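Structure, as structure tokens:
A, B, C and D label the chains in the order they appear, each numbered from 1.
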Amino acid sequence: MKEIIDALIKFRNERDWEQFHNPKDLAVALNVEAGELLELFLWKEAEEADKEKVKEELADVFSFAFLLAEKYGLDVKEIVLDKIEKNGLKYTVEKSKGTAKKYTEL
Amino acid sequence: MKEIIDALIKFRNERDWEQFHNPKDLAVALNVEAGELLELFLWKEAEEADKEKVKEELADVFSFAFLLAEKYGLDVKEIVLDKIEKNGLKYTVEKSKGTAKKYTEL
Amino acid sequence: MKEIIDALIKFRNERDWEQFHNPKDLAVALNVEAGELLELFLWKEAEEADKEKVKEELADVFSFAFLLAEKYGLDVKEIVLDKIEKNGLKYTVEKSKGTAKKYTEL
Amino acid sequence: MKEIIDALIKFRNERDWEQFHNPKDLAVALNVEAGELLELFLWKEAEEADKEKVKEELADVFSFAFLLAEKYGLDVKEIVLDKIEKNGLKYTVEKSKGTAKKYTEL
């Protein structure tokens, strides 16, 4: 992942874009890209989305997610594994197996 | 990243949640989480968001992004580096240095 | 508002699009359009967005919001006034005056 | 609609919230609420969402959409009818009848 983040930072710095990349706008950009990804599924069954386009929009989502992580000095592996552990307490196997209910309704 | 994806898949399979994880709902989930992340910046200056909460919401965003990548058999490093290359053609250093304009307006 | 909804329904029916307009896809469409509206503010100060484009994207947001309301047989005036009343209990003037804090933190 | 907007403005002014309601944060708020509405459909068939909750989240979406319209001095009926007319040119009945394709692919 270090390699990805380094490439993103290099791209950003070559264009002198750090001045625009405050965390709020990065979160806005992430939402914009998540919306573009979602559009690929609009009015469609799950299988019908164009895989080539999914690849590109998902890459954009990851880019802003990595830039946000970098901005806060967060280690992606650590925060995801921590969250999985935390979610394991909210969604115990016993209560949540086979159901998509939110933990507030379990 | 393999380790992260393996942990996410294990969590999902223990709960028998693969049945819900079609790509369209994963894209919906990603948008929901991106919205929760964005809420942390609402009515605030960029610096005022709660870092602990950002950590958790960003972890959720990454989780669904990784699950989508896995669903399509995509290699995250490859798709991000490919996209950076592609973006380099739309946003050449010459035209885009120091400006946040969209490529359609450069 | 009846006039707006009638025009939207006429447009939809002339194109035989009711078959695609289930509530879930309408909610997806609303998010996609909200993302396009948000993009107009990306990397910018609040005043810098292009008003002509805001007008168009906001119109799209309203269109899908009205179509969703119609789908559920909801009266827009009634649901907004009800929600204002409800919010008045969560955000009493006393506690929330001059602060942007969420009610859970007041 | 004047009545709705007046009620929203009154609610806002009583709490001295106009200071937070710049167009960018209103667009952010609209996205956050659109995400909460979307969550009601997550992992579900279109018919399974809770109508009472849809009502509330849709009311929130409308509230921020109306506040944005008001901020820009836009007439909601006018902008939606204008957009319908514009969309009629992109999506002619002839080309778009019975298909959910985007105009760029028609």
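Remarks
By definition in this document, contacts are C-beta pairs under 8 Å (C-beta built on N, C-alpha and C of every residue); 3 or more make two chains touch, one makes a residue touch a chain.
These numbers were taken from a predicted model, which means no experiment stands behind them.
Contact count check for A-C and A-D (C-beta pairs in contact): higher for A-C. Residue contact pairs shared with A-B exceed half only for one pair among B-D, C-D or B-C, and that pair is C-D. Put simply, the C-alpha centre of chain C and that of chain D have 2 angstrom between them. For the pair chain A and chain D, the distance between mean C-alpha positions equals 24 Å.
Shared contact sites, meaning residues of chain B that touch two or more other chains, fall at 20, 25, 28, 31, 34-35, 38, 41-44, 100.
For chain C in complex with chain B, the touching residues are 28, 31, 42-44, 100. On chain A, the positions that touch chain C within their shared complex are 20, 25, 28-29, 31-32, 34-36, 38-39, 41-43. Residues 1, 3-4, 7-8, 11, 14-17, 19-20, 22-25, 27-28, 30-31, 34-35, 37-38, 40-41, 44-47, 49, 51, 54-56, 58-63, 65-66, 68-69, 72, 74, 76-77, 79-84, 86-88, 91, 93, 96-98, 100 of chain C are the ones that touch chain D when the two sit in their complex.
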